[in-house]
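Here the structure comes first, spelled out in structure tokens, and everything after it is commentary.
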Amino acid sequence: AATAEPARGDAAKPAQAEDFADPAWLHRTGGAFTSYGTPSKYEKYVVRNIGGNREPAGDGVSWTPLEDLEGIVTPSGLHFERHHNGVPDIDPKQHRLVIHGRVRRELMFTIENLLRYPMRSQFLFIECGGNSNAGWHEEPIQRSVGSFHGLVSCSEWTGVPLSILLDEAGVDEGASWVIAEGADANLLNVSLPLSKLMDDAIVGLYQNGERLRPENGYPVRLIVPGWEGITNVKWLRRLHVTDQPSMTRNETAKYTELLPSGIARMFTFVMDAKSLITSPSHGQTLEGPNVYQIRGFAWSGRGKIVKVEVSADAGKSWADALLDEPVMTRCFTRFRMPWHWSGQPAILKSRATDETGYVQPERDVLIKERGRNGYFHYNAIVSWAVDEDGAVTHVYA
Amino acid sequence: AATAEPARGDAAKPAQAEDFADPAWLHRTGGAFTSYGTPSKYEKYVVRNIGGNREPAGDGVSWTPLEDLEGIVTPSGLHFERHHNGVPDIDPKQHRLVIHGRVRRELMFTIENLLRYPMRSQFLFIECGGNSNAGWHEEPIQRSVGSFHGLVSCSEWTGVPLSILLDEAGVDEGASWVIAEGADANLLNVSLPLSKLMDDAIVGLYQNGERLRPENGYPVRLIVPGWEGITNVKWLRRLHVTDQPSMTRNETAKYTELLPSGIARMFTFVMDAKSLITSPSHGQTLEGPNVYQIRGFAWSGRGKIVKVEVSADAGKSWADALLDEPVMTRCFTRFRMPWHWSGQPAILKSRATDETGYVQPERDVLIKERGRNGYFHYNAIVSWAVDEDGAVTHVYA
Amino acid sequence: QSRAQAPQLGTPMSKADVAKWDITVFPDGRGLPSGHGTAKEGRAIYVQKCASCHGDQGQGATAEDLVSGPMPPTAGHPNKAIGSYWPYATTIFDYLRRAMPPSAPGSLSSDELYALTAYLLAANKIISESDEMDALSLPKVEMPNRNGFVPIDAKK
Amino acid sequence: QSRAQAPQLGTPMSKADVAKWDITVFPDGRGLPSGHGTAKEGRAIYVQKCASCHGDQGQGATAEDLVSGPMPPTAGHPNKAIGSYWPYATTIFDYLRRAMPPSAPGSLSSDELYALTAYLLAANKIISESDEMDALSLPKVEMPNRNGFVPIDAKK
């Protein structure tokens, strides 16, 4: 305890009378044991923000409140939602998964049977292909980081490696695509390359330790590590093994990115590296000059995050942030960086690099490459401006 | 797809009429978006089992239903509970954390202030020192693995490294112990060696991404990696830095283990390596001869799990199980092992080894060393017997 | 984890079983059911079941536009609707059968689906009012933006 | 993460501030408040506020026993109660002040706490009925199992 004496934070105030209150909860038996716990009533404002085009109800999104969260696990109750026609109320006893098409044996599985298969667990983010699309706007949107970028969440998923089920069916030589279909009131379908599904896809049965939540695909969801949300088909009911994509609405009219050339990128599956500073972030206020921990997280659909750099001068200089363990492939990685705020205006940025060497681009670079009509796959560096009063806003810088 | 043809499982039956039902949920808008999600109504039996001596209400436990869970994260709603006088309903604005005693500056922190400190996140198990105590019984208890061993759970905890706060207070040379006190209707207190707290303790503010749940210490809990549950003081309000333990009731009358010699082990903090097979486990039934994945998890308060061995012949032979990534220190580690059940009676065991070389003991070895009146820190190998009908029961073997 | 370690619990399905599940429609028309319809027939259904959300001319209302305006995909604010953006006509049939109208998905007969598809194609000036759409003609419709896509993470 | 990276937001407390929080009691008696009581005084309080759960003789009822039977810790089913197991008398005072009775913890005055502690010590035949317990006498009480513990993961 003989280190040099740093100046004490300005916010350190003398103790007040209320600091010595004798709280009632020390003097009476507390609340009951509960079969299934819920957050404190004092945290009731930490919720998914329901929004998007909800005409009719059932087609929309709800955002994860990223600014209120820490670590890398998203509580399942706050995992973002994207439904096209509501959450089906599926009786697991009635649900079936069918694998058919270019296979030697066309097979049907009950959930009960799937639960008897070998499983593996993996921490993975799922990000909607349309996440952060306000980034394409001409003017920086003024919204909390969660209501801007909160169509991404991270969970521990457990289920049956899809390769096991495909092997049981016996995939034909000529097969190259699989069309996955969900049991929602949309029979949502997407075409996926067989090679990826054989490689690392999971027939997901558990999320963060317990069975999937209804809004995240109960009783069974296709998990496609690192690929855009729509490919992680919820309420999975059918896998059609075939030799070509079926060119569904969600891989043609949507989830494709129109380039300035007039040509659109199609089969854009991988979510590129991205990072967000969640604190300080839009809508928060720094309470005077002091040391702050800049906190945020990064992820990449291509593998592990190897570096997150942070800048407090709008990108003129960068320093490497500390990464919390564990750093896992296609998973959120928390980064942290001490920052002394002098009280002067500053612009904060974070920049992720993944193990393939891919570096998250500046917004102008992304827009130069993609134009402004792509809508999906926005992953540019995000800039937060801190003004002299400590107020934080979203800027393009 | 030209591999040899394994025999198909006996359970593969021809398709039935009900397999082709056209479920109602395909034809109507599903359920609404929700601000905070909950499990499927079909999973309502997956709950904490409330039990223990609950006279009066408020003093007891609730067990995590380990047999129903997968992966390594315990959903916060199912994290085990041990309260001595209920769950205090703490207003975070009124709560204070005080550090005093042998320090240069005696300090008081509000929660708001703590949330501004540097944080780190870590996946850690918390196990009650009294977990699995039915293992000391003369006869093997016939209960689900969760209601027998479910006073252990695993979460991602985020908070302020306690060393930062202790450094700010400036610990005196002569200090060697810290007495931690909670704000429950018990003012629960325990004495802890300063060295451990400086090393890796966390002032926990977040659990699995969101703020702590009330029953797990909201608004702030002491996290002491790998140490028995009672030391992870919930509702933390006071840290008294001192030169000796205060010999509280929970470190003398309780949480000490009486040996056959008449001497009791005291300051038994570290939870030794342990493992459990959760499937198949007591109360489950194997549905005929087939390949099964033996699943379970292991943990050690001393560091990482390096090996889990599984035996299907009551310990005569052992084989190494596969460990799911990530394997983290003082955290659950999932293990998996394919097993072909021939239909003959079998006895399943799992045995964990941690990075210190410590090997989980057989029950007779543990009992020889500790006698049968220790009550706490039971970590012996657990045996499940499978009979010729596939029924699984708890045995001593 | 190989197949030998799996319990092999899948229930084998006959071709007849599979047929009850298989509703995939491919761009070449494989999977399209029998039935037929024209834009004229489709208009009546559209007005009754679709116009309330998509506008009486398909111009969009609470739900999005189904008829492309004059702007091609290179325009400043390009209109990504059926006429200007969708590469395959079969996609319309497939999507409507699964998803529309949202209050009663799966309620439209094959004839109604062909008719509505024809109506949307005609409204986008891709086929004429009298062209009959069925399993043979629909895949032959050449969509204006047929070659407007480049695959990125997978080859066709 | 060093202290230089911390915002230093702790509010300094005066000795008087700290005194309002510090309720630690050490085995040597440090931290014990003023006040006093005897087993005789304690019995009356015990009967009124404690006996319903712990039995009229401390033999245990819905809550555990507070008076050790004849069995020492080496017995087959040893009784880990105050007389046979607890190493320090100060622990009784500290625990009662925090936790008992469960419906109103913190409601007992220092005099009542000394009296109840004296009652439990006398019931366990460690002190006599007339011994007065206070900040000076309580830490001097020699508990039968004082040397019955061996530290494992930390030294005292």
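Lettered A, B, C and D in written order, each chain numbered from 1.
Definition applied: a residue touches a chain if its C-beta (ideal position, glycine included) is under 8 Å from a C-beta of that chain, and two chains touch if they have at least 3 such contacts.
Everything numeric in this text was worked out from a predicted model, so none of it was measured.
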item	value
Which of A-D and B-D has more C-beta contact pairs	B-D
Inter-chain centre distance, chain A versus chain B - centres from mean C-alpha coordinates, in Å	27
Euclidean distance of C-alpha centroids - chain C vs chain D, Å	77
Interchain centroid distance [CA atoms averaged], chain A/chain D, Å	51
Per-residue multi-chain contacts in chain C, two or more chains	1, 3, 5-13, 17, 21, 102-103, 105-106
Multi-chain contact sites of chain A, meaning residues that touch two or more partners	3, 11, 15, 19, 26-29, 56, 58, 85, 108, 113, 116-118, 120, 167, 185, 187, 290, 292-293, 338
Chain-level touch network, classified as line, ring, star, complete or other	other
Chain-chain contacts as defined at top	A-B, A-C, A-D, B-C, B-D
Residues on chain A engaged by chain C in the complex (per definition of touch)	55-56, 58-59, 84-85, 98-101, 105-110, 113, 116-118, 120, 161, 163-165, 167-169, 179, 185-189, 192-193, 196, 238, 240, 242, 244-249, 252-253, 256, 258, 260-270, 373
In the complex with chain B, residue positions of chain D that touch it	1-3, 5-13, 15, 17-18, 21-27, 31, 53, 62-63, 72-74, 77-78, 80, 82, 85-88, 90-91, 94-95, 98-99, 102-103, 105-106, 148-154, 156
Complex interface listing, chain B residues touching chain A	1, 3, 11, 15, 18-19, 21, 23, 25-43, 46-48, 50, 54, 56-58, 60-62, 68-79, 81, 83, 85-92, 94-96, 104, 108, 113, 116-123, 156-158, 167, 170-173, 183-185, 187, 205-206, 208-216, 218-219, 287, 290, 292-293, 295, 324-326, 328, 334, 336, 338
Touching residues on chain C, where the partner in the complex is chain B	1, 3-14, 17, 20-21, 102-107
Complex contacts: residues of chain A adjacent to chain D	3, 6-9, 11-15, 19-20, 26-29, 290-293, 338
